[in-house]
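Same chain, two partners: chain A is paired with chain B first, then with chain C.
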Partner chain A sequence: MMLKEKQNLTGWGFLAPATLMIAVMSFYPMFRALILSFKTGIGTGMTWSGLYNYTRMFQDGVFMQALKNNFIYLIIQVPIMLILALVLATMLNDRSLKCKGLFRTAIFLPCATSLVSYAIIFRSLFAVDGFFNTFLVKAGILETGYNFLGNPTSARIVIILALIWRWTGYNMVFYLSGLQNIEYSVYEAAKIDGASPFTIFWKITAPLLKPTILLTAIISTNGTLQLFDESVNLTNGGPANSTITMSHYIYNMSFKYVPNFGYAAAMSFLILILVAVLAFVQMKVGDKRD
Partner chain B sequence: MIKFKSGMRYIFLSIVSFLSVFPLLWMVMAATNKSIDVSRGRLLPGTELVTNFKNLLASQNVMGAMINSFKYAIVLTILSLFICSLAGYGFEIYHDKGKDFVMSIILLAMMVPFAATMIPLFQMFSKAKLLNSTAGFILPTISVPFLIMLFRQSARSFPHDIIEAARIEGLNEFQIFYKMFFPTMRSTYAAAMTITFMNAWNSYLWPKVIMTDEKSMTMPMLVANLTEGYVTDYGMLMVGVLLCTIPTIIVFFLLQKSFAEGITGAVK
Partner chain C sequence: MKRKVMAIVLATAMAAGLTGCGAASAPTEVKTETETEAATQTAAAGENTLTVWCWDPAFNIYAMEQAGEIYQESHPEFTLNVIETPATDAQTKLTTAATSGDLSTLPDIILINDSAFQKNVISYPDVFVDLTDSGIDFTKFGPAKVTNSVVNGKNYGVPFDNGAVVNAIRTDVIQEAGYTIDDFTDITWDNYITLGKDVLAKTGKPMLSMQAGESDLVSMILQSAGGSMFDAEGNPTIVNNELLVKAMDVYAELVKSGVLVEVNDWDQYVGGLTSGNVASVINGCWILASVQTAEDQAGNWAVTDMPKLDGVEGATNYSNNGGSSWGITTNCKDTALAFDFMASTFAGSVQLYETILPKSGALATYLPAADSEVYGEGQEFFGGQPIYATITEFAGKVPSINTGVYYYEARDAVSTALSNVIAGADINAELKNAQDTVSFQMGK
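== the complex of A and B ==
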């Protein structure tokens, strides 16, 4: 079949540029990073150092703090955001609701702002002389402005709030489109049978949305482990590295301080392993509940 | 359906909507006021927009950064859409075991965090003299697994009869792609365009790594630079943030529907 073969070849031709670019821009650098992670030194004078970089990072207080921070953001922010998104999507999916478009647009709007922009907006809102403090002082709740970004706990809370603000609408859209695939009559039948709203939610909505929930959980986990813009522009990692993320520290280690590419590559590989392991675990958990 | 007491859900949704819009509203108001008034918590439009804008122009190369950001984002969007739609179409229309296997490998690339490729990419690009260039900006993200998946998904609904008919008409395979597939899949292209443009405009880490020269700086980098220094001029800062946000907000409102379809499209 000459024609079939020719078409088959054309097919390969069509996907070659994209595949090649992914190989060169993703897999090859990843492989290079792996090799780099076993080396130490600067520039061309790099020497093999075995697992030194990997053992070093577990004794590096700042990196351990960064790892902890990423997990704090992950464990607190992601569930709150996903549940909120799910609740909002369920509310907006109700046919009796008025002004649906208006609510949806408003809640989705934060997605249109760039990460740097919203980080700076939140930084300004929560600054000592920022809007939030002025408001609290005027309302008589505070005597003087509180340094939200100067205290580790409150600085982390501000980052978490900012992340929830930026990403809830994004996840809500996933759920809304998932909900549209569920026949509305299923709900009406359940209502007639006298099922309570929460029963309906747990017995119908949640199981049917499971693939979407799994997907958003994986996307959010992946994103949270790679946080960079917020750490740099909202708190600059401070105070005293208490809000710094792994990517931010890796950036500093590579491009801000005396470059240590080997060590930075080792840390970046830990992120890769974490992303892969967590995605795997989530997929397993997601399967089990069937 | 959770049936909240009817009034309660409107109150809840209104509060959430207000909180979602407020920071942006505050940003716009702050851009029109004096820094000192912003600190005092003024929430009304002021008269300082032009002054703030002039201050910004005087202290930063805004025009340069704007042109750069548009240039990088537009070039990346066009090339990326072309390469990824071609691949998505190829994976679906000519699919066989081999190509399906390649596709599953490509999907694995979605898992690779950028931090893990950033340093070798920087080394490769500096060796190839691609720092501070448009090519340097676009190459790492020109081929995106997500977009390939999106186009593969949409190619699935593209009728094979059209392809057969076009072949009989004497069109070659590439002509079928751009004369038949491309015009029918306008909405997928719109969605992909919105996503790619937004991501390109907003990208920060990679430009920060390779745009070492001020002349190559992007808008997000410029805005981030404004916060350096001890005293922040909020009015000027928020004009910068506003300028950095306007293009994506416009794209958002023009293509809101396809944007929503775009981010969720690959799920279906």
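== the complex of A and C ==
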């Protein structure tokens, strides 16, 4: 009994510093932000307004547009990226493949570039006189450069392409590590039974990787809903707010426009709620263990 | 197998490490901030010292340092401490200091963009010192410029650089089409579009370029006719604003006729000028610094006034875009010193403006400076034209308007409307949307 108590105390002793740090550096600010989200006003002149900010955002045309944009990115980009990552991981996991390290590094490398610089590079690639337009004109496909970033649909497609380029390798690494936990003999047995590569992928790889797929789905959902750099640096939210994200609008509300931190905090909490709800749904749908 | 697992674990760890690298820039930032803080505090402790935040070594920092030297001549014990702080950083630091209530991190004098000045004074009323009775003579500045830093009838800023709009034209290109700079002087937008189409047809070059989705040119046209997106009380007047509709019509016509090409970002905009792909530029006179980087075009540029709106009473050929003003913070321990410093340099010394002009091109809004000989000197890049005297003269004629506290909100909303109108939407419906958006963001 005494020993157990002592051990317990030691355990708590080790936990205490980290817990304290998280509480002070993370939970306390979050709590203050929550309080802030119930206030409204300009700059430092804040007054209590109850749930006003939370009802206000649903009448805010720009915020609703941003919410819609975020969901467009989420619904289109995340599945494409995850499937691509899974396919690449399966291919790289093949034992007969040569130069595995090279491919792996090449696919993972985009993820090590700075968010701002890659966004700017994509912007210049898709400029009217940029690389892609020059290529398309020289190849005779287009007569004059197409303004990719000047048209709502194509601007969104460019952002989605950029996101896929940047994040596929990151998710692939998770899948690769997940794949290491699947016994190779299972694959050999399946091959002997005459299973096609597609069947192997569908019946063995996908089900056994389920926990990892779930993890990446939640991370990607979270990341997409908080998207900021691409919207700011690649398209600046344009044309006509067709690519602006929620985080970008929250930033504008705090630092570009006449600051209303209460409203900005309330919008941030909506993102938190959305991420939590989506993660919960994904866990319910994806995890059948209990 | 085990080794492979190990490799993957290490790879993941490396991945985590790399992500860590991305985030590792934060400490450096903190370091500069603490450095700045230390500097600020020493400055506040010492007497006869003023600390200043501004951002451009070739421009406003240089001007401030020169002002310090001039002031030292009569006050040898005076020291000036200029800290390079980019405009966006200054805004973030100001926001942090004001919202936390700890103003001790702020400098004595801070440079702020004119378009953000009223916003900051209204959002953080405790931060700025009222300069109305400080002994600074505000009548010596262009009235439109002074308005930018006036809140509730009180002066909070000392005007600095000039954002008077210039119409800078490649004389060699228009000559090819058979025109001279005089054909573009004191004209209306209808004349301009006719001339522009002709230049485009004969040389293949559009007259103007503009960043797509930016309402800058529309705002400039609006102000040139004395119009604003806000009334005197600060209420948005975007919907049913006849001048705004006319300004947007002009812009749409410019785009449709090909006289104006839209580009996606600032680099392409400046690139178009320096590479000679467009024949002219209409913008705040600070754009001339970028124009002059194209040394091979020296002598081929000339400056004139912008076109005015047709059939509008009170329309002029003068407008404003950009510029900045000095504010004095409440963290300043010795406001008498700060007042005297500003009154005897930026608001009282023609010599200062004569010193800074040739090297930095920092154009004054201080009207007496325009009579100076230095301002009257011909500039080689502009074919010997005394552009600085010309622009200072323009600045005095800019209609004074209320740009509004909610300037950035209105600008973004009108930009959205503009993009949609160019894409074919109905102008009145779009302006109604823009008005609703701004009213909503103002909480009305």
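What we mean here is this: the second predicted complex is superposed on the first by the 268 of 290 C-alpha atoms of A that agree within 3 Å, B and C clash if a C-alpha of one lies under 4 Å from a C-alpha of the other, contacts with A are read in each partner's own complex, and residues count from 1 in each chain.
Everything that follows uses one rule, which is that contacts are C-beta pairs under 8 Å (C-beta built on N, C-alpha and C of every residue); 3 or more make two chains touch, one makes a residue touch a chain.
These figures come from a predicted structure and were not determined experimentally.
Once both complexes are superposed on chain A, the partners chain B and chain C clash. Judged by the touch definition given at the top, the superposed model places A:Y257 against chain C, while chain B stays out of reach. After overlaying the two complexes on the shared chain, residue contacts for A:Q59 are found with chain C alone; chain B is out of touch.
In the superposition on chain A, contact of A:Y170 is made with both chain B and chain C. In the superposition on chain A, contact is made by A:P110 with chain B only, not with chain C.
Once the two structures are overlaid, the count of chain A residues touched is higher for B than for its counterpart among chain B and chain C.
Of the two partner chains, chain B and chain C are each touched by A:A127. Using the contact criterion defined above for the overlaid structures, shared-chain residue A:L88 touches chain B, although it does not reach chain C.
In the superposition on chain A, contact of A:L149 is made with chain C only, not with chain B.
Legend: residue contacts after superposition of the two complexes on their common chain; A:L102 is shown touching chain B, with no touch to chain C.
Steric collision with chain C, judged by C-alpha atoms after aligning on chain A, is confined to one stretch of chain B among 45-53, 189-197 or 243-251, namely 189-197. Contacts of chain A with chain B, set against its contacts with chain C after fitting on chain A, overlap at residues 108, 111-112, 114-115, 123-124, 127, 129, 170, 173-174, 176-177, 181, 254-255, 261. Within the complex, the chain C residues that touch chain A are 1, 4-5, 8-9, 11-12, 15, 18, 21-22, 88, 91-92, 95, 98-99, 101, 119, 122-126, 212-213, 262-265, 267-268, 405-406, 408-409, 412, 415-417, 419-420, 423, 433, 436-437, 440-443. Every residue of chain A that touches chain B in the complex is listed here, in rising order: 7-8, 10-15, 17-22, 25-30, 32-33, 36, 87-88, 90-94, 97, 102-103, 105-118, 120-125, 127, 129-131, 134-135, 138, 165, 168-170, 173-174, 176-178, 181, 187, 191, 197-198, 200-201, 205, 211-212, 215, 222, 225-226, 228-229, 232-233, 246-247, 250-251, 254-255, 261, 264-265, 267-269, 271-272, 275-276, 279. Put simply, chain A touches chain C in their complex at residues 40, 42-45, 59-62, 104, 108, 111-112, 114-115, 123-124, 127-129, 147, 149-150, 170, 173-174, 176-177, 180-181, 184, 236, 238-241, 252-261. Interface residues of chain B facing chain A in the complex, by the touch rule stated above, are 1-4, 9, 12-14, 16-21, 23-24, 26-27, 30, 38-41, 83-84, 86-87, 89-91, 93-96, 99, 102, 106, 109, 111-124, 139-143, 145, 148, 173-174, 177, 198, 201-202, 204-205, 208-209, 219-221, 223-224, 226-227, 232, 234, 237-238, 241, 244-245, 248-249, 251-252, 256, 259-261, 263-264, 267-268.
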